[in-house]
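Okay, structure first, notes after.
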Amino acid sequence: MWLRNNAVAATAALAVVLIAAAVALIFFWVPEDADQGFSQKIFYFHVPLALTAYACFGWGALKAFLHLWKRTPGADLESYVAIHLGVIFGALTLITGSIWARASWGVWWSWSSQQLVLFLVLFLFYSAYFMLRFSVDPGPGRANISAVYALFGVVLIPVSFLAIRLAQDFIHPVVFSSEGPRMAGSMFFTFCVSWAAILALASALYRIELAGKRLDTSLRELREALE
Amino acid sequence: MRRYATDVYTLARKDLLLELRARNTVPAMLLFVVATLVVFHFALPASSGNKAAYGLLWVALVFTALLGLVRSFAAERDQGLLDGLVLAPCDRSAIWLGKALAMLAFLILAEVVALPAFSIFFSGVDGTTVAGVALADLGICAVGTLLAAMAAASRARELLLPLLFLPLAIPIVIGGVGASVVADGGRYLGLLAVYDGIFAIICWASFEYVVTE
Amino acid sequence: MRRYATDVYTLARKDLLLELRARNTVPAMLLFVVATLVVFHFALPASSGNKAAYGLLWVALVFTALLGLVRSFAAERDQGLLDGLVLAPCDRSAIWLGKALAMLAFLILAEVVALPAFSIFFSGVDGTTVAGVALADLGICAVGTLLAAMAAASRARELLLPLLFLPLAIPIVIGGVGASVVADGGRYLGLLAVYDGIFAIICWASFEYVVTE
Amino acid sequence: MIRAHGLSRRFGAKRVIEGLDLDLERGDFLVVTGANGSGKTTLLRLCAGLLAPTAGELRVETGRAGIGFLAHEPLLYRELTALENLDLYGRLYRIPEHRERSGMLLERFGLWRVRNERTGSFSRGMVQRLALCRTLLHEPELLLLDEPFNALDAEGTELLAGELEELRPGRTFLVATHDPARLAGLASGSLALA
Amino acid sequence: MIRAHGLSRRFGAKRVIEGLDLDLERGDFLVVTGANGSGKTTLLRLCAGLLAPTAGELRVETGRAGIGFLAHEPLLYRELTALENLDLYGRLYRIPEHRERSGMLLERFGLWRVRNERTGSFSRGMVQRLALCRTLLHEPELLLLDEPFNALDAEGTELLAGELEELRPGRTFLVATHDPARLAGLASGSLALA
């Protein structure tokens, strides 16, 4: 009961705890990487961020689908918020990634890695989502258009990845290959914890922003009612 | 089924007729293609190999298409005519398909000019390239038309479409360039085909929501 | 004289307002440029040299210019607004100048984003290139605006717009590309400058006859 | 024919139609009046399915083929001739003998002479007449007419009044207008928006 | 104010206005009537200088600054707000206190409330009202009004009638309309085109 009422607070708390745990594990427990040394630790942020970004995009697309299919009220707003978060986490991925690139490749950005470029493409795609959304008058029409565009996103991601796999690139490492993670158990555990932490953070932010948006819409209604 | 086909035909024919009257799409596309070829003629001395030439060709094609797409819903938008089509009892996806086909016609027209010119000035275009272009056209028109409808509903219009379209066009560019540059372009043709298939389906399924509330 | 200036300013400001009204143009430009660069990246194998890259740069510029021109008189044409401007007591050439300046602002904005990005990702742009771009912008805006006005002014003339633009645009492109790729671009810059001068005057003088009967 | 319950539509924060209840039987002729900006067009667009309600429910008991909507915009292609426009709609609505009906309507609304001229060159009244042809082409059972008499000359007004008279039986009308007096004879009810 | 002699205008082969003689003194109020497509708009556009005669001569004794033309199209930018539109024209016509006049006119025509909304979102009547504001903004001495009452509600019609009443003295009017009765009180003459 308490949980349902204070879902926001609960997830927020969970996120804090997990993040603390993850940081502790990363910096005090997990052994340093053999060849990359300290800089490899950014891996525990970088990859979870990236995967969480994907998760957000997926969630946004799901909500979009619900809006189109079932007309679920509020689904449009939820989809928007999810994609918004996705873009934020995507930006963080780009940043951590390029920091790591600076550390281990010596350059901030490498066009030679299709992985990077394609992530950039997705990032562009979802930035355009905002352009679209903010240049259409609010209303049912905008909700539909945004939703359709969001659906395009989840289709674009796999297609793009197919494209990269064709144009194989070598620089950007592939850890999660078909025969499971190629890394030490301790590393994998830490990775999982930090991923859980980031996910928790994402969902907390998601709920908070939603609550906020809902609040000020209802406030506006109130103000109008009073006038 | 036949009804659907006739609707699509009617709508596409209407667009071709309009273009014949007002001519505000094809000439712009042709102009752009020619201009780009001229640019290449200067920018590509014999030294730089086919690869670069093919790359430029693909850039030219994508942007030419974009230039055409920008205008594709102009008539409907300016006069609120989309309402008229949306009110008609035919399936809304037919509107999309009709536009896409008309667009395809324009694009092919532009390429009928561009490819021979290209093969004269630079390097002959082989079968796979042509196949790649054909497949790419399908994808471009399918996706582009839907995005153009979105852009038409927005206030940014012409400016918005490139933003929406280019990220989605990347796989096409990869596939197309690959098909024409790499020795065995088969894989890339496959990629293009897959792209066309998937996006054609979701465009077909989702267009209705773009034009209705 | 001052009145003329204020008229031009008013009209240009109106266009920029329309530009900025619906959307946040600057981020849009940024997105557009980056997206274009990504497309280029996939189109152009790393091997191919600067010149090819310059070719792409110019393709992009021509595209942006055309995109701008297609929409430059869109608002006026759709709603017969040219009448409103023609009726106003200000000198008609001010309408042309205002539009051209707005166009120029639009282009320059795009290039201010594009050139640095280009020089980062591909190869540094030297002085002559910048000069070439600048001169080309002037020419494109001057001529393009006039022709766009023809399109907006009456249907009969619309057919001519792109057909005219073709021969008129090619020298600009040649001049610009030449300036940036050829060793001593000076001659080309000269060509561009002359071109701009002549056509600016012609357009300025002839605009009135385009928009009135 | 049309059932609305608590129908509301807003544009952004602006409430245009608020909690409207409407019940239109087949054969009714409802005249919608109201000041400029009171929501007549919005109501008609809602009924036509061009706008979605932001709240409340709206049921229209006829397919799109049964609706004839005369909007503020003529919904005609300027580049096409009168005949080509009607032909387009005739095909889209799958009217069996649309050619004949086009000819008949053009003649009836006095446009036969100009059937092969670009609609873009028409005068305002001629455009309105052609828009009326377009609306009646497929013999709709539900007619949504937004200021149908707009821009018509005296003769055109007569013409349209007669036409409505003729169509009246068995069909349902929702007509927005600024002088209801002209429709007094036909109206079975009226709705004043504020 | 306006002198026309053997004024003719064709579009292609089509003769719209043929050998029209017109002599309008300052202070006259000419009501132009005629069926749809009879050439009212064409005549007004000729007088405004938007069309050139194909034959005959036409002299209008006032500069462009002195002409106020209300056309079929509102001549407003959809993307701009009401205020921005008036501001634009105010500057182009170099009206000394155009801000104040804009405010006054918006208030008078009941658009003050929506002065900062995009004109594109206006209802038809609101657009017509704003177009009237635009026409009167620079206090023209020659007013060319093409169906000024079009799309106005009862209140708007009152409003405009009163406005014309007020402007009448010293100004010259050329008004095309489909019900001259409404202008009977003001008209000093009438011209029926066929």
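Going by the order they are written in, the chains are A, B, C, D and E; count residues from 1 in each one.
Keep this in mind: contacts are C-beta pairs under 8 Å (C-beta built on N, C-alpha and C of every residue); 3 or more make two chains touch, one makes a residue touch a chain.
All values reported here derive from a predicted model rather than from experimental measurement.
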item	value
Angle (degrees, nearest 5) of the CA superposition of chain B onto chain C	175
By number of C-beta contact pairs, the top two chains	B-C
Separation of chain A from chain D, taking each centre as the mean of its C-alpha atoms, in whole Å	49
Centre-to-centre distance between chain B and chain A (centres being mean Cα positions), rounded to whole Å	32
Separation of chain B from chain C, taking each centre as the mean of its C-alpha atoms, in whole Å	24
Whole-Å separation of chain centres (CA-atom averages), chain A against chain C	39
Residues of chain E touching at least two other chains	79, 121
Sequence positions of chain C contacting 2 or more other chains	21-23, 28, 31, 35, 38, 42, 155
Interface hub residues of chain A, defined as touching at least two other chains	121, 124, 128, 131, 135, 137, 139-141
For the chain A and chain D complex, residues of the former touching the latter	137-141, 220, 224
Residues on chain A engaged by chain B in the complex (per definition of touch)	68, 118, 121-122, 124-125, 128, 131-132, 135-137, 139-141, 144-145, 147-149, 151-152, 155-156, 159-160, 162-163, 166-167
Chain C-facing residues of chain B, complex	22-24, 27-28, 30-32, 34-36, 38-40, 42-45, 47-49, 51-52, 55-56, 58-60, 62-63, 66-67, 70-71, 74, 78-79, 154-160, 162-163, 166-167, 169-170, 173-174, 177, 181
Chain C contact footprint on chain E (complex, rising order)	48-52, 63-65, 67, 69, 71, 73-80, 84, 88-89, 91-94, 134
Complex contact set, residues of chain A against chain C	111-112, 117, 120-121, 124, 127-128, 131, 134-135
